[in-house]
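First chain A sits with chain B, and in the next complex the same chain sits with chain C.
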Partner chain A sequence: MQLTKTRKKREKVDVVANAIVIFFAVLNLFPLYWLFTSSLKNSSDVIKMPPDWWPATITFSNYVEVFQSQPALRWTFNSLFVAGVSTVLVVAVSAMAAYAFSKLRFTGKNVLFIIFISSMMVPKEVMIVPLFRISQDLGLVNNLFGMIWPNVATAFGVFLLKGFFDSAPDALREASRIDGAGEVRTFLQIMLPIVKPGIGALFILNFVQVWNDYLWQLVIGQDKEMKTLMVGIATLMQDLNPNFAYKMAGATVAAIPMLLIFLLFQKYFTRGISIGAVKE
Partner chain B sequence: MVKKRVPALMLASVMALSVLAACGSKDSASGGSTGTGANGKENVEISLWLTPQWKGVFDASEPNADYDSFFKKAAEKFAQQYDKYNAKVKVQVVAGDQRDELLNVNLNGGTPPDIFFESVFAMGDYAHRGALVPLNDIVDDAAKKDIPANYWDSVTFGDNIYFYPFAHNPGTLAYNADMFRAAGLDSLIGGENEIKTWTMSEYEQILEALKTKLPKDKYPNAKPMALYGLNNQGDTWNLAYLRMFGNKFFDDKGNIVLDDANGVKAAEWLQKIYKNGYTNPGAESVSSNDANAMFQNQKLAISFTNAVLFNNAKADMNSGKAPKFDLRLANVPSASGDPLSFTYVVGSNVFNSGNEKKMEVAKDFVKFYSTDPELVKASKNSVPVRSSVASELKDQYPLFAAYDANSKYLFNLTGNVPGYSQLRQLLYPELQAIYIGEKTPAQAVKDYQSKGNGVIQKAKESSTVYKK
Partner chain C sequence: MKLRQQQRRENLTGYLFILPQFLLFLLFIVYPILEGIRLSLYRVDYQNETFVGLDNYITLFQDPVFFKSIVNTVIFVVFIVILTVGFALFVASAVFDKNAKYVSFIRGSYYIPVMVSMVVMSMVWSFLLNPANGLISYFAREMDFSTVNLLGNKTTVMPVIIFVTFATNVGQAIILYIAAMIGVPKDLFEAAEVDGASRKDLIFKILIPLVKPTTIYILIINIIAVLKIFVVIQLLTGGGPNNASVTMMYYLYNNAFKYNQIGIASAVGVIMFIITLMLSVPQLRAMFKDK
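Let's look at the complex of A and B:
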């Protein structure tokens, strides 16, 4: 009897808790919903009062205008290329560095790691001018690789993955070495699969960070064709255009790829973060 | 097997993308000397940046009209007749709020644009910083005669001319005469080609009538007046509002003197109209572009404008981008009864890139499009600085005469003080603080003056113009 009462009470609490969570989830999603539906309206309908919660007439003309009046497809490609290549390189470099810091023994390892991690405290904005000068000397201004290279060696990636490698038992590596596997094979075939959730998390976090790396992409991609989606859309927002729906369409175009990435990789993201948080 | 395929597929995708991607622009960022052409002349490539001004070569109704159309056409015409080099001009449009970030990084990197076409007030600092080269050698007597002295004064820093004036943009208010009529304000509507002057009491009467008498069915959720303070853009009208009660803003030595009874009264007036619902809500998070878009969509009855914004708004109406209404001009009112009138000269400067050939070509190009009898007519999109052009086009553009009549009320918006770009960064946070109630108007004015004078003092100390 007592047990049933407790269960019923817990269920009630669950219902209330779920209702609160759903309320906040809807609240969070509402701006996205409003952005998307507004992009399908005529400009005057966007600011109509009382508002249309769903477009009275759906029009795709704003999207057509975004893609016709601006090289938005090229910007999308540029963003995907820069974020994709940067992330693959970051994952590769960070995994190797994290493995070395975690499992290999060499003189000054801890000092080097601290120095490396300290670089996380220097904001990128401080380094913009020197990075720009180096990029110029390398002929990488107005070049997508110019947007990629400063992102490759990221202390955050090493820091994140080192935690995952630390939690992998040393005995596995030792057994692999006893069985005759070299360091590279041990890293690729034994250790790397163990830290897959961490790699998934790093992949998403880094992809998002590079996707939104506004200032650096602004100064490197100066030609209209070399802009990334975020920079291009920001420029579009500055356009002296009274059509609010057109700007909403631009913002939607910028938001959709990121949403897809989250939806496709959210499993890795949540698992990666939760596993990294608990160390046994 | 499947496990191996995933990384292999990712690597292959990256490689394929790398091959597919035209990763680099064919042109360098800043251009430069690139060998010799078939005609034996040396190739010189220069870059020209501009912020959005007018669309089209001469008119926004041209097919494929864009902000860079005029300069692309000018570059083509220039290259055809230029005999010193094979000149190529790369034109790039830069958003107003990206200008300083881009310029500062490129200046520090040693690759500034060769030419920047922009409002002088927004770029005067670069003359003080020694980043621009004087243009005295390309200004001849004919130009000095055709362009009135007050425009030359506004582009002269110390002894040198740093901007070649092309047009000017008088700042005024714009109002929707249809909404005025709907609110019963017929008697306060000016003529179609008039810049109407209202007294402060008339203006407050207008705001009240627009708030209370505007038919809600025809203009749902419309507000009387635009107010904004999101960022440093459009600050010029806010600077005008702060002078409404007689404060002169700068003293003769170039220091801010806003913190007096009249300055505080103006700030209090802004707070009052905001709090009492005479303006759009959320002024602290509304940009000047947002405000104008709301006005164009008839959600505001009065907004701010300049000649180029006014012409763009009319073009938007004619092309069906925005609803049509009776758009007219008025002055920013003042307590004295005289209109508060200001203008900013738009023109070209040449950056000191350290490359003599590029600077030579840049100067020649600036002189070319600033003097070519056909190209200078594009200044009609604002207001021509050349008397010859204004007089030739006055019948087609009757507002030129109205702008001219206003010229006796002009005040110097920026005081030509060094550090103006930084001053722009200081004003809007103080306005935001007033609107959200974080500071009293008196405190905000006091803080702005104190911080602003600090900025001016520092900028004076490092100004190459002041050092001379």
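Let's look at the complex of A and C:
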């Protein structure tokens, strides 16, 4: 590529801007660096001033303590269960609805779709009082399913997957119907495989969202054993134990699963998150 | 006759496909909204409910703490959203036309705090800002700042929370902007470059106007997200010092689950519901125009 005069000038502004961007990118990761290194220090080094930028002696005792003094393993299981089951249900329920809204013809379709989508922007937190009372009536308080159902009700998945079904060719569906396959078989065997990328994006987005959900899980999981990882770990902040390294070890345990998911599935995130935005 | 039968069958198939979603929608969204509106008109003492009309709303607007929570929530929304959109535009416009590896490094660095969640980030910040042995407090002391306990001071607590929330969540807006900017057709830039436009011109006159739909989307999702700001308040300040950082969601939570003021808490929920609904109208309109 030829470097024209304008191109050279452009690089200058650009270099400064990118230098700033990189500086803040690194700075933005510093709290996580501090979290992780602090979790490896012993209880006196962690509050030493001036601080050790890298632990003088590395110890894993804080992690041992998190898992011994707290039911952290149980919390991790609860989080995995709640996020996993919610996500499977979200994918199933919203794939069905999205398919119907995209490909089937029925009376009232557009009105129903608009009503669904309108609910998407309202966070369940603002309805937390009635939602909690309903959960009480249904015996869902202190119950992992109480954390699951309200998440499955959200319409985001319908919105996301409908876009994917819309771009799937009608011809395939019609061919399958002419071959004598019923609607259910057409849906499961022909249409679902086509929207796999959408399902992938929804799966990850929803899993992370439920995993990091806090307030609803806080009010539903009341016994110590019924807390999820985020809620349980947050209680370490109020723990009488003054050792900050121990609290940071807990926070690291809560952070690691999501870090792994992000590093493994970065591509899906970018796509999934961007789908919500309106295209010109 | 046969046609009508077929239409009826098509209708039935459609309804069966949306049935599971629809039932959940009724039970966990529609019913709670209606029940919330009803509860906001009652005084609730355990099993007894007494109709009190708009009393809960009147009580609310006479409560200086509720008033403070509205003011704080508005301050959070305005500052956090402006910072987020401004900074995300800056980052995305600087990196969007660079090579893919670099773009994904930048995207990752800013998005990782979003991933590890507000809970984890609040815990780290709470440690960093801890007056006795936090790193930031240490530097504040070394540099002879007048306040060392930034979260315990009425004037510094709001800016600190604004910064922490912004820094943790800006990654989402950056990802959205980068995706939108990569989607802008290259020939538009080339044409402008031939005409001698500087990079600044390209960004302000072409790029930013073209990603306006993304800006609207980012504005709305961030306004709604900040409106229900809770975790950072609970973990960093508990609404303090002396209610200096109390927010609407935190106020709602305390009334519902600490003071057992079900009617009052429901009224706060109804007010927040109406605000979010109004805020989402432009986004919904854009989405339906899209079709």
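As a convention for this text, the second predicted complex is superposed on the first by the 217 of 280 C-alpha atoms of A that agree within 3 Å, B and C clash if a C-alpha of one lies under 4 Å from a C-alpha of the other, contacts with A are read in each partner's own complex, and residues count from 1 in each chain.
As a working rule, a residue touches a chain if its C-beta (ideal position, glycine included) is under 8 Å from a C-beta of that chain, and two chains touch if they have at least 3 such contacts.
Since the structure is predicted, the reported quantities are computational estimates derived from the model, not experimental observations.
In the superposition on chain A, contact of A:F132 is made with both chain B and chain C.
In the superposed model, A:F244 lies in contact with both chain B and chain C. When the two structures are aligned on the shared chain, A:F106 is found in touch with chain C, with no touch to chain B. Touch counts on chain A: comparing chain C and chain B, the chain ahead is C.
After overlaying the two complexes on the shared chain, residue contacts for A:F77 are found with chain B alone; chain C is out of touch. Of the two partner chains placed by the overlay, only chain C lies in contact with A:V21; chain B stays clear of it.
With both structures placed on the common chain, the touch criterion links A:V219 to chain B and to chain C.
For the contact definition in use here, the residues of chain A common to its chain B contact set and its chain C contact set are 47, 49, 128-129, 132-133, 215, 219, 234, 237, 244.
By the touch criterion given at the top, residues 4, 6-7, 9-10, 13-14, 17-18, 20-22, 24-26, 28-29, 31-32, 34-35, 38, 46-47, 49-51, 92-94, 96-97, 99-101, 104-107, 109, 112, 114, 116-134, 149-150, 152-155, 158, 183, 187, 208, 211-212, 214-215, 219, 230, 233-234, 236-237, 244, 247-248, 250-252, 254-255, 258-259, 261-263, 266, 269-270, 273-274, 276-280 of chain A touch chain C in their complex. Across the interface of their complex, chain A is touched by residues 10-11, 13-15, 17-18, 20-22, 24-25, 27-33, 35-36, 39, 90-91, 93-95, 98, 104-113, 115-128, 130, 132-133, 135, 138, 167, 172, 175-176, 178-180, 183, 193, 196-200, 210, 213-214, 216-218, 220-221, 224-225, 228, 230-231, 234-235, 249, 252-253, 256-257, 262, 265-266, 269, 272-273, 276-277, 279-280, 283-284, 286-288, 290 of chain C.
Per the touch definition, chain A reaches chain B in the complex via residues 43-44, 47-49, 77, 81, 84-85, 88, 128-129, 132-133, 136, 139-145, 193, 215, 218-219, 222-226, 234-235, 237-244.
Those residues of chain B that touch chain A in the complex are listed here as 3, 10-11, 13-14, 17-18, 21, 23-25, 27-29, 52, 92-93, 95-98, 101-102, 105-106, 108-111, 220-221, 289, 292-294, 296-297, 299, 309, 312-313, 316, 321-323.
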